[in-house]
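Chains: A, B, C and D, in written order; residue numbering restarts at 1 for each.
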Amino acid sequence: MTARVHKLINRPENLVDEMLEGFCAAHSDIVRLVDKRLVMRAQPKAPGKVGLIIGCGSGHEPAMTGWIGEGLFDVNIAGEIFAAPGPALMVQGIRAADNGGGVLICVSHHAGDLLNAELALELCEAEGIDNVDMVLLYDDISSAPKGREPERRGTAGLFFVWKLLGAFCEGDGDLAAAKALAEKVRDNTRSLAMSLSSCASPVTGEVMFEMAPGEMEIGMGLHGEVGMGRQKALGADETIDLMLPPLLEDLPFQAGDEVLVLLNNSGSLTLMELFVLYRRAAAKLAEAEISVYRSWIGPYATTQEMAGFALSLCRVDEQMKALWDAPANGAYMKQL
Amino acid sequence: MTARVHKLINRPENLVDEMLEGFCAAHSDIVRLVDKRLVMRAQPKAPGKVGLIIGCGSGHEPAMTGWIGEGLFDVNIAGEIFAAPGPALMVQGIRAADNGGGVLICVSHHAGDLLNAELALELCEAEGIDNVDMVLLYDDISSAPKGREPERRGTAGLFFVWKLLGAFCEGDGDLAAAKALAEKVRDNTRSLAMSLSSCASPVTGEVMFEMAPGEMEIGMGLHGEVGMGRQKALGADETIDLMLPPLLEDLPFQAGDEVLVLLNNSGSLTLMELFVLYRRAAAKLAEAEISVYRSWIGPYATTQEMAGFALSLCRVDEQMKALWDAPANGAYMKQL
Amino acid sequence: MSAIGAQDLSALIQAMAERVAAEREALNRLDAALGDGDHGTSISTAFAVAVEEIEALEQPSLNAIWLATAKALMNRMGGASGAIFGTFFLKGVATLRDADRLHKDAMGALLAAGLEGVKARGKAGVGDKTMVDALAPAVAAFGAADEFASAWRAAAAAARTGAESTRDQVARQGRAKFLGERAIGQQDPGATTIALMFEASHLWWKENKQ
Amino acid sequence: MSAIGAQDLSALIQAMAERVAAEREALNRLDAALGDGDHGTSISTAFAVAVEEIEALEQPSLNAIWLATAKALMNRMGGASGAIFGTFFLKGVATLRDADRLHKDAMGALLAAGLEGVKARGKAGVGDKTMVDALAPAVAAFGAADEFASAWRAAAAAARTGAESTRDQVARQGRAKFLGERAIGQQDPGATTIALMFEASHLWWKENKQ
């Protein structure tokens, strides 16, 4: 078997602190660590620009610490494994990201992230911090039906938002414009994930849920949330042929559209497999006369060593393409 | 269990072709695919510069296709899974990489890679292609004792060679100088790997070797080659404390040295774990008064979904630091 | 007529803290079946911080004690449950104003405000397999009773019954939501914590104020 | 006195190709225990290509046939084993020059040159658990015999014995090298292929030239 449950960590209760120390030590040219849990740019943005923050559970590396840097986020507030940070830390993050242009809290829709962002906004109000706003982001078509998009979860497709919004906030747009852009990207983005395996929790040292070898589940969430039920694992082309049509239908993406494509590795899928999957996705998109502007293939938001991937599409216009091509320099997102 | 054996591929006999098609379609701005197995730069180097090629087995993605591009390799010749390509393909690659400045064949020391490079050189001689040379590279201290370095295997530490040599060959150095630089980097590089799990062969669909959960092996090679024997899996700090001293001793790396550090993910280790491991390695290097110039943490050369890592160190001088910092634009190696 | 003063209130929080700490592993086990197995650790750590913060208060008013508890739960638990348990205390704070003693109805109002806050924040109703299944009947039972002793007794019993009722439910909020039918047969850890909190309060009342 | 002409040589290669193809799965199984389980597939595919290339030759001289086989093995097998098996044929080519018939001693010289090439290329000696363990005794036995029939018979027997001797060995070359002691008890697939090649030659000789 290729299983493992043992993780190369020390004591679970020190895990997040130690990993952030290691990460920030390795990338001290890009980030610095404040107060154990705030990862922020080594060089802050120019005054007057909108600050971007995100608070989220840890355990999804390189998300989101790897996306702090020029052309990306200003501050990441890291929670415990798979648990959003509390509101006091969020407020500290908001203060740190404030360059005088206001701060946008980006929320990848999960209960903890949303509730703590709401609490943080209430605290800001109480403390007289204004010019802070929040944007709720989601992309996973399996977690709620069409027409009820705001109930959907945030997953890998939000990396399109992060990249484009990050580039936008290096420019002169204000807080309202930044929020509008985030919503525009979100509303043009759709994702669907699948998984072939479970993974072990670094906190408990136990497998997070059971999954028999040879099974797969379409629609699984970033923490193993159930999707559309188990089925026999398929080959690469068959898997894409199952996942792409509902994605295309949902927006819908249509002939003549130009898209960005992301194949996100949940953990232990190989790049080899992702390339084979991409080959089919590209062929099927070409058949549908949808042209690919750029693509990303790799581990962006992981769920420990889960073997699976998410396929995400984002329809782009000229503004979005230019934002895509703008430089970025996060530890795990580099655009020359 | 978190095991899986099922791979998201189609027919194993088409695997390498399909994966290269997918890879090159996704990165058509950087690479192009010639004759199914040659991945080469979309824009060739300026005439007169030394061409760099490497032939190697597939299944280690993003190695080496992800390292074709500006500031890196000119051509990768992709063999079958874990098997070096034959000499005819190598010769084709040599011709493709020849910009008039000669071609250096980089060999990561494994029997197949070396033997086929030798055969290719013999064919070149027979066909009157001159100005071609080969450099044999190795770094893994577990595969042969000190004093018998040329018997050692090539592993993740060679990425230091690839990066520095790639940058060097964008300049005006000739073939002999390029070879000398590769040897200089090699002679300053040492690596040691470990693994916690086996992985499945995409060709046979079977687990490649047995490994019990809770075990680890220090010194395991890129294809599961046996290392220094099995032992009980340790925590992160303990593992670094076991692996770093023999590495330091081997060169030896000494107080006052400046080094590059690589933590290579063999497949399904999490970045989270690698950051915790890096934290300890950085602390121990600091204790030894060895300063880290830059570090890389992530999947560079993988062994399918094996859960393990390699720790590599490279002692650098001013020339090497400058080469390190030079721009690179491979699909999976970007330096701004 | 009996009432709760600041010292009483901090003793009450401490009683809750001790009770969840004692059940820490049991709560972790419940959460392992439905979520990520950390509920006992999170809630007991956060309550322990609340007790410390209360002890450190310079002006330990009712208001300050309840707010310190809210903050400890929100900030030390993190995640959705930290926000939910924190909100329960946070939303009561406004009902306290400058009061220095709580009569039974004021205590009921404090609890009721917390419940409303939780429902508004977390969007869970009774039957969704969350702590609301224990909290809602407990608050109702507390409100319906005439005086403290019977109020605590009825609330504790209602919370326990409510917590047990979660066994037969499919979750519609919290991590267990993603388990679908697989959640049936398991008792919700958050609801169990609420039962422990009310049982601890009832016991404390019996031993100290009756 | 009997000799091997160009047509014979291509028939000989074809006989080898058929024999390894028939044993393809058995060879894969041997390789699965010691390496990556592909030896049967690789060698039979490469031999099939050799047969095709030989058929397509415009000038099927002895030299061209042996070279075509070398190229097919080198380029279609890939890896270390492609280089090794390819070298076996490649290094014999020079001994052939423009010969159009091979007498027994010339055939022996062809095989011996191949063996030397393999040893120089792969650095394996007898006892290292590789195809050399079958090839070296086979070439020696062939050389020691007086004429073709007994040469092929002795070579086939020696190759088989050599292949079987690999079972007790620890590998010092090839992928199995990395198994250490774990390799003991398993027969080397490459050595087995050599035995099959000599057995096929012996059989072909018996059926066609005796």
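What we mean here is this: a contact is a pair of C-beta atoms (placed from the backbone, for glycine too) under 8 Å apart; a residue touches a chain by one contact, two chains touch by 3 or more.
Treat the numbers as computed from the prediction; the structure is a model and nothing was measured.
**Student:** Smallest number of touch links from subunit A to reach subunit D?
**Tutor:** Minimum number of steps from subunit A to subunit D: 2.
**Student:** Which chains are shared contacts of subunit B and subunit D?
**Tutor:** Looking at subunit D and subunit B together, no chain touches each of them.
**Student:** From subunit A, which chain is the farthest off, judged by mean CA positions?
**Tutor:** Chain centre farthest from subunit A's centre: D.
**Student:** Report the inter-chain centroid distance for subunit B and subunit C in whole angstrom, where each centroid is the mean of the CA atoms.
**Tutor:** The computed centroid separation for subunit B versus subunit C comes out at 55 Å.
**Student:** Between subunit A and subunit C, what distance separates the C-alpha centroids? Give it in angstrom.
**Tutor:** Computed from C-alpha means, the inter-chain centre distance equals 33 Å.
**Student:** Quick check: how many Å separate the C-alpha centres of subunit A and subunit B?
**Tutor:** Computed value for the inter-centroid distance: 29 Å.
**Student:** I'd like the Å distance between the centres of subunit C and subunit D, where a centre is the mean of that chain's Cα atoms.
**Tutor:** So the centroids are 79 Å from each other.
**Student:** List, in ascending order, every residue of subunit A touching at least 2 other chains.
**Tutor:** As it turns out, subunit A has no residue touching two or more other chains.
**Student:** Hey, what residues on subunit C touch two or more of the other chains?
**Tutor:** There are none in subunit C.
**Student:** If every chain is a node and each touching pair gets an edge, what shape is that graph: line, ring, star, complete or other?
**Tutor:** Looks like a simple chain-to-chain line, open at both ends.
**Student:** Could you list each pair of chains that touch, in label order?
**Tutor:** Those chain pairs satisfying the definition are A-B, A-C, B-D.
**Student:** Write out the stretch or stretches of subunit B touching subunit D in their complex.
**Tutor:** Answer in residue numbers: 57, 79-89, 110-112, 115-116, 118-119, 201, 203-204, 206, 208, 221, 223-226.
**Student:** Give the list of subunit C residues in touch with subunit A in this complex.
**Tutor:** Its residues touching subunit A are 32, 36-38, 42, 71, 74-84, 86-87, 90, 121-122, 173-175, 177-180, 182.
**Student:** For a test of understanding, state which residues of subunit B touch subunit A in their complex under the given definition.
**Tutor:** Interface residues on subunit B, with respect to subunit A: 1-10, 15, 18-23, 25-26, 58-59, 61-62, 66, 196-200, 202, 207, 213-214, 216, 233, 235-237, 239, 261, 267-280, 282, 295, 297-299, 302, 304-307, 309, 327, 329, 332, 334-336.
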